[in-house]
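Note that chain A is present in both complexes that follow, paired respectively with chain B and with chain C.
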Partner chain A sequence: MTALLLLLIPFVTATLLMVLRPTERARGIALGSTLASLAVALVLWAGFPGGTVTDLHTAWLPSIALDFSLGHDGIGLLMLLLTSVAFPFIIGAGYGERLRHPSLVNALLLYTQCFLYGVFLAQNVVLFYIFYELSLIPVFFLLLYWGGEHRRSITVRFFIYTLLGGMALLFGIVYCLVQPGMDGSMDALGRLQLPVGTQTWLFWALFLAFAIKLPIFPFHGWQPDTYTVAPMQGVMVLAAVMLKMGLYGVVKVVLPAVPDGALYWQRTVIVLSLVGAVYAAIIALRQHDLRRLIAYSSMSHVGVMCAGLFAWNHFGLTGALFQALAHAVLVLAMLYITGALKERTGTSGMGAMGGLKLRMPRLAVLFMLVVMNGISLPLFQSFVGEWLVFNGLWEVDRWLTFMAVTTIVLGAIYMLYAYQRVMLGPDKWQLEVHDAGLRDHLVLVPLIAITLVLGAYPGPILELVDGPALTLLSLFP
Partner chain B sequence: MSALILLSVLGVVLMFMGLRGMRDKLLPVAVAGLLGALALLVAGRGLEWPVLTDGMMRFDGYALGFSRALVVFTLLLFLFAIDYYSKVRENVAEILALMIFALVGAVVMAGYTNLLVLFLAVEVMSIPLYILAGGKRDSLRSGEASIKYFLQGSFASGFFLLGIALVYGSCASFDLATVQAHAAAAGADDRLFLLGLFFTISGLAFKVAAVPFHFWSPDVYEGSPTLITAYMNTVVKTAAFAAFYRLIEHMQLPFAVHAMLLLMTACTLLLGNLVALRQTHFKRLLAYSAIAHTGFLMLALLSPGPRTPDVLYYYLVTYALATVGLFIVLTITKRASRGDEHIRTFRGMFRTAPWVAIVTMLLLLSLAGIPLTAGFLAKYRVFMLSLEAGYLWTTGLAVLMALVGIYYYVIVIREAFTPQPDALPLRVSTVNWVLISLCGIAVVLFAVMPQWLAL
Partner chain C sequence: MVNTGVLAPLVPLLPLLGAVVIGALRRRMGAVQAGALATAMIGAGFAISLVLFAGFDTAAGGTTVRLLDWMAVTGMDIPLALRVDALSLTMMLIVTGVGTLIHLYSIGYMHDDPRAATFFSNLNLFTFCMLVLVMGSNFLVTFVGWEGVGLCSYLLIGFWYTRPDYNYAARKAFVMNRIGDVGMVLAMVLLFHLFGTLEYAAIMDKAAGMRWNDPLLVTATLLLVLGATGKSAQVPLFTWLPDAMAGPTPVSALIHAATMVTAGIFLVVRGSVLFELAPFTQEVIVWVGTATALLAASIGLLQNDIKKVLAYSTVSQLGYMFVALGTGAYGAAMFHVTTHAFFKALLFLGAGSVIHALGGEQDIRKMGGLKGKVRTTYLTFLAGTAAISGLPLLSGFFSKDLIMAHAFQHGPEVFVLLLIGALFTAFYMFRLLFLVFFGTYRGEAEPHESPITMTLPLVVLAVLSVVGGVLNLPHLFGGNEALKHYLGTAAAGIANEELVLSAATEIALMAVTLVLVALTIVLAHARFVKRTTLEGDPAAMPPLKRLVAERWRIDELYARLFERPYAWLSRTLHRIGEERVVVPLMNGVGTVAIRTGQALRKLQTGNASFHLLAMAAGIIIFLLITLLTDPR
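Right, the complex of A and B next:
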């Protein structure tokens, strides 16, 4: 029943915010709610016995294979932790953003959190789908109301792009559900045993949604524009958490339901992911805007993670899932710094910055630490994930590893180049800016601490994903 | 059966009240009569009067369920009429009485077991509608709608009757069970029967506005008074589908007819959705979306099984709730903008009337089929049925077209939630406010508790 709290806390708080509209205290209330959720998630982690835990199982509509059943295994728990850790920072970033109608913004964010929890907790395929689609609705309104220029058309494009995948997923799920012996639970997907010929096409019906969500090349058309116009908190939600829904979906739906299909398309997907990763990294080199740079770097990282999943061995799977957490922390920190810089300089364009380290030495240090995580230096969290993924890819084909490593090299170039343009050089603009304050420390220091602790001691997280990864590998035909 | 008699008497009483000039008592009497009929249907009293109908009608659970739905839709629309005709003094009695007469036909369509009764029912339902479509006597477009509907409807009726005659010529009976038995026995070899079935189905396809028998619907929907458009979209459509499914439920369709129906489904899905993409006027958009939904319903219709009636019922009721609500919203915005039906009149709605905007969003999301609204569950169940029946490609097309549908509904939602500094104030009467709230809550409630909406 504890898991039900994860759904209820954000939902009830969000509804109260919508109804009561406490403009001044909205952020504080939302922050409290997310911290409470975090506490619940930590309780879940502390009491996690391994295997799959069923928290709640209520028959809802047996005739269409829909049960309200919540539960989690190690991977689900990892995602729950990720969501719980991310949201306090996302809400906290709102203090700097100062969007209009804070009660509405925070209510929408909390609804998103609730639906994301739903995605990661659902043990029924239809329930999973329902939450998966629902999580899109609050983000739609965040973009539509608080987005930047051209938001009207970009929002609709984002929505339709995502739902294109969603509809394909619906088709695939319904196709799986009408098979004999299917009771609608997520576990039953792994027992499907469809003919190989069917699996080869069904794979794309199921995978398309997650490929768009991640996004991997060539399904990324919605991403850069959306990241540019969305309000900072919206981007944080998209990049830090929603993107992981794609990874989670691949692990929980695609691989168990169509293992032969995944094997058939393994090379294709890995190559697409890595081509996309390198391509995005090259584009990131040429960006002058920090947010667009983060958008492309995010796409580059995700490509590597997706390739790791499809390497389909122990290294690849655990590495990709570990990297999911690492990437969330990285992106949150990067976006927060972008927001902090924009708050001070009024822009996120790197051309209008430079030499800022002279004026804000503390922020420069924090930024440097984040960048070091971004380029996967040892002792940082990203290094562990990347290292495992590369090992996994090596077992498939060493040339793939070569491609994947290229993204690290390019990543180091664009990250350091960005740092150079923002912080180093002469103080040519003479901007009157103040250094990192208490709020910035409260956000960035914990994030950096997480990266360092888990970089040095990744055991607890790797243990979580170890068991489920072995189960998945046993499906390997 | 007693409900049918009550409804017929109600229609006559309303006519006489109109003659006596009792304008103010019309709606209370009509609503009371409908509630009475609903009570009789719920109680299930006097269902089998075989002596009177000679076994040509049977009010089983299926017919009773659909009849209840039809009466409830009419009830909702009459409540909407309180506001819609609040300023009109003349001819209201006739309009209400004609709607009641059409309802009688619709109820019979749900319960027929004889093709001749079906024909009578279709005519009883249609003839009042030809008049109702021209209800706005000073509007050219309304007159055009009426004439168009009448001419095309008469042709369709002619073919329908021809079809019934040919079927009769082939199996020497109007009785539904005999016809269905004949289809299983003779099937495709009987050319006469095949042709008869083809024409009969075309007649029904005209009523549900399936491509290529849809040409009347956009113009008629657009030209008719909004209340009547809503009536056609809910009562007529539901009755037509109830009749359609009753006809083919136990029938082993010959291959040619089956293929034709499948092709019609695919074309309806394609045309309805793709043309709706280009619409900028909300009423016309709803007309094309009505065609699109016909496509989804046809897909369910073609997948017979024990659950199909339930799915059809669920889809039709939730669709009707959403459309009734949206037509009321359309009336509200149209009044505020002095007759403009363009979707940009929705702009700024969230600012001026937040609750109306939220309900509009829920109703549109339901039509689009987004989870946690009834529309999603309806579509989901249709896809499940059709995949079980093995229509892989058609279902794939339907899923794709559902995506197209989401696009044009989302555009409207976007308009409603786009700020507009000089947005016109929306005046919502209490009864309309209650009605749209009911519809909005119902589409969410029935998504969470679909078992409350079973036959």
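Right, the complex of A and C next:
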């Protein structure tokens, strides 16, 4: 029942914020709510016995195989933890951005959090789909009303593109639901045993939504623009958490439901992912806006992750899942720094920066630590996941590992160049800016601490995914 | 009894602690405080290393200290663990010993820099990483240090970060190292899948059962060599090292001469058993080393920046070490690593002392006649120059001749090329010595001798450069190659190599080398002391000389072959990939959605009779379908 709290806390807080509109204290209340959720998630983690835990099971609409059934295994718990860790920082970032109508903004963020928890807790396929689509709605409004220039057209494009994937997913799920012996539970997806011919086309119906959400090449068209105009907190939600729904969906829906289809398309997807990883890393070099850079950088990292999933072996799977958390922490820190820079310089364009280290030595050091994680230095979190993924890919094909490993060079090229353009060089603009303050440290220091602790001692997280990954793999020889 | 489990981790952790503390308090610490703390941390590390060294039982082979589980999933167990054996102890002593001297020296050198505390923090961090590199018990822990030293190198090359050219040099160093690291990562993945572990001890045991020239082993070792060429600045990945001279001079001494750049050599020695089984790779190493030794030495002949001369010299000396590795003479390579650490650190610190004395001047054309003005610096620099040129009985003499003898045994053509390299070395080093310290002073600044914290390390290193040869005295001189046999306890492969040349051959080779080196020095004396020949603008030189003076234009070649095409690729992919394919794909979806919507909207006319008609038509159609398809 503890897990139900995860849904209730953000939902109730969000509703209260909507109704009462406590403008001044909205951020504080939201922050308290996310911290409470974090505490609940940690309690869940502490009491996690392994295997699959059923938190709640109530029949709802049996006619469409919809049960309100919640539960989690190690992978689900990892995603819950990821969401819980991310949201306090996302809310905290709001103190810098100061959007209009803070109660509404925070309410929308909390609704998103609630629906995301729903996605990761749902043990029923229809419930999963409902939460999956619901989570898009608050984000849509956030982007539409609080975005920057051209927000309308960009948001609509993002919405339609994502929705298209969602429709395909719905079709795929319905197709699975009408199969004999299907009771609607997520577990039952693994027992479908559809004919191989069906699986090969059904794969794309199920995968397309996640491919767009992640996004992998070439379905990433929505991402750079959206990252650029969306309010910072919206981007944080998208990049740190919503993107992981894509990974989660692949692991929990696509691979179990259509294993042969996944195997049939394995090479295609891995190659697309890695081509995207390399392609995005190359393009990132010529970006002039930090947010666009982060969009491509994120895509590059996600490409490696997705390739790891589709390696469909133990190292690839555990590596990709570990990387999901690492990427969330990385991208939150990167985005926060972008926000902090914008707060001071009024822009996220790197052309208007340079030499800022002279003015902001503390922020420069924090940024450097984040960059180190971004280029996967060992003892930072990202290295653990990437190392495992490289090993997983090796078992599929050595050349795939080679492709993936090239990103460590390309990543260093664009990351260090970006760092130089922002922080180093002469003090060109003579901006009167203040250095990182208490709030910046409160956000960045814990994020960096997480990357270092889990980089040197990833055991607790690897343990979470080790068992479920073995179980998943054991389903299919 | 020495408690290795407690003492060994302290050696890297103390500098790490120093780095963190100094880093956190960098605004409140002056150069002297920060420097003293940093030096104390490394000094303590040196003391502990000595204790470990004294208490080390060579018969046991080595001790592994497991610190933390790291890459621990089903099917993989790669821990964070340290290994104390003859090889890591040798490297620990070099890193902490030379490191202490350079830290001490830096207190004087960085005295007036407002960011001295940051400097010491980074220098301590570097030492931590370097110690992790040499102490790692498996490839992946070594890789932690490997990447860490690369990062510190980046930070310290770009230490004066307001200079865009320095930042560029820093990035260039990091990226070139990373290109090598691709090889390193792939090699580790391959080795892991081959052996199921990355622990050195376990791999060395298992490798013994491998076939000679096994294609997988050859691939793995070639990939490791790629990593080593990046870190140890070998052809083709060497161009970053001369640019790395943008960093403060003590950094050049510690990182870019004495320690970090020898990481590649260390790695090959660590994996010696694998390389012994891959003769093809060994042949590659010999030729990479020879090419590097010769190419870099030739460039050194015509450089005018005191640090650049030393940088190319370092590249060239690393080439000699590579040749030794390729011929299987791991002991000789490590011997040269050690003596080179002494004399090259000495030369760089001496150069730093000169630069310090002249208020930042680095152009040797504006020096001269400093002999009487900076006496200690001169005498110690002389010792270093004599040692690197291989003058008899100095440390460099023994270590270089050992390599040359092994090269001769491998193939006379390698020996001849290395001999030419040695003559180049003697020439550019004495050219440097003569132009800086002899003749008349050609600059404007008022030279003054450096403070004691700077000259003391010079003196210590000078003594080591002179007597360092006793560490591995060859049989010919009454020794028993102590270092080689000591290292041999770490891995069987290390002490395998034997010189089978007769004493007469050895003496003959030595004599030829010595006579030619002596002649070269006389030539240099004639050119730079009797007359002072200064190099002018390369554009006015004859073509070949100009090419050498412009460093064979390799930097330009790389810019043209890689940097500019990459920038072009980035722009083009963005223009074509994003704007012509990806965005249209997405817009196409949007357009279809909108068109469909528009088309369907036309049906919603609001006209009741039309709706009724449509409804009736629909019912009829469905009825027909049902009737026609119903089998009954």
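Here, the second predicted complex is superposed on the first by the 476 of 477 C-alpha atoms of A that agree within 3 Å, B and C clash if a C-alpha of one lies under 4 Å from a C-alpha of the other, contacts with A are read in each partner's own complex, and residues count from 1 in each chain.
To be clear about the criterion, a contact is a pair of C-beta atoms (placed from the backbone, for glycine too) under 8 Å apart; a residue touches a chain by one contact, two chains touch by 3 or more.
Bear in mind that the values here come from a model prediction, so they are computed numbers and not experimental data.
Asker: Looking at the overlay on chain A, is there a clash between chain B and chain C, or do the two fit?
Answerer: Aligned on chain A, chain B and chain C clash with each other.
Asker: In the overlay, answer first, second, both or neither for which of chain B and chain C A:341 touches.
Answerer: Touch status of A:341: no partner.
Asker: After superposition on the shared chain, which partner residues are touched by A:133: those of chain B (first), chain C (second), both, or neither?
Answerer: The first partner, chain B, only.
Asker: Determine, under the contact definition given at the top, whether A:358 touches first (chain B), second (chain C), both, or neither.
Answerer: After superposing on A, A:358 lies in contact with chain C but is clear of chain B.
Asker: Comparing chain B against chain C, which has contacts with more of the residues in chain A?
Answerer: Here the partner covering more residues of chain A is C.
Asker: Between chain B (first) and chain C (second), which does A:325 come into contact with in this model arrangement: first, second, both, or neither?
Answerer: After superposing on A, A:325 lies clear of both chain B and chain C.
Asker: Tell me the contact category for A:167 with respect to chain B and chain C: first, second, both or neither.
Answerer: A:167: touches chain B, not chain C.
Asker: Going by the contact rule set out at the top, does A:417 touch chain B (first), chain C (second), both, or neither?
Answerer: It touches chain C, and chain B stays clear.
Asker: Under the stated touch criterion, which partner chain does A:409 make contact with: chain B (first), chain C (second), both, or neither?
Answerer: Second partner only.
Asker: Hey, what residues of chain A end up touching chain B and chain C alike?
Answerer: Overlap of chain B and chain C footprints on chain A: residues 156, 160, 164.
Asker: In their shared complex, at which residues does chain A touch chain C?
Answerer: 156-157, 160-161, 164, 217-222, 224, 279, 282-283, 285-286, 314-315, 318, 355, 357-358, 365, 368, 372, 377-379, 384, 387-388, 390-391, 394-395, 398, 401-402, 405-406, 408-409, 412-413, 416-417, 420, 423-427, 456-459, 462, 466, 469-470
Asker: For the complex, give me every residue of chain C touching chain A.
Answerer: Checking each residue of chain C against chain A gives 23, 68-76, 80, 140, 143-144, 147-148, 151, 154-155, 158, 161-164, 167, 170-171, 174-175, 178-179, 181-182, 185-186, 189-190, 192-193, 566-567, 569-571, 573-574, 577-578, 581-583, 585-587, 589-590, 593.
Asker: Mind pulling up the chain A residues that touch chain B in the complex?
Answerer: Of all residues in chain A, those touching chain B are 61, 63-64, 126, 129-131, 133-134, 137, 140-141, 144-145, 152, 155-156, 159-160, 163-164, 167-168, 170-171, 174-175, 177-178.
Asker: Across the complex, what residues on chain B touch chain A?
Answerer: It comes out as residues 307, 365, 370-372, 376-377, 380-381, 383-384, 387-388, 395-396, 399-400, 402-403, 406-407, 410-411, 414, 417-418, 450-451.
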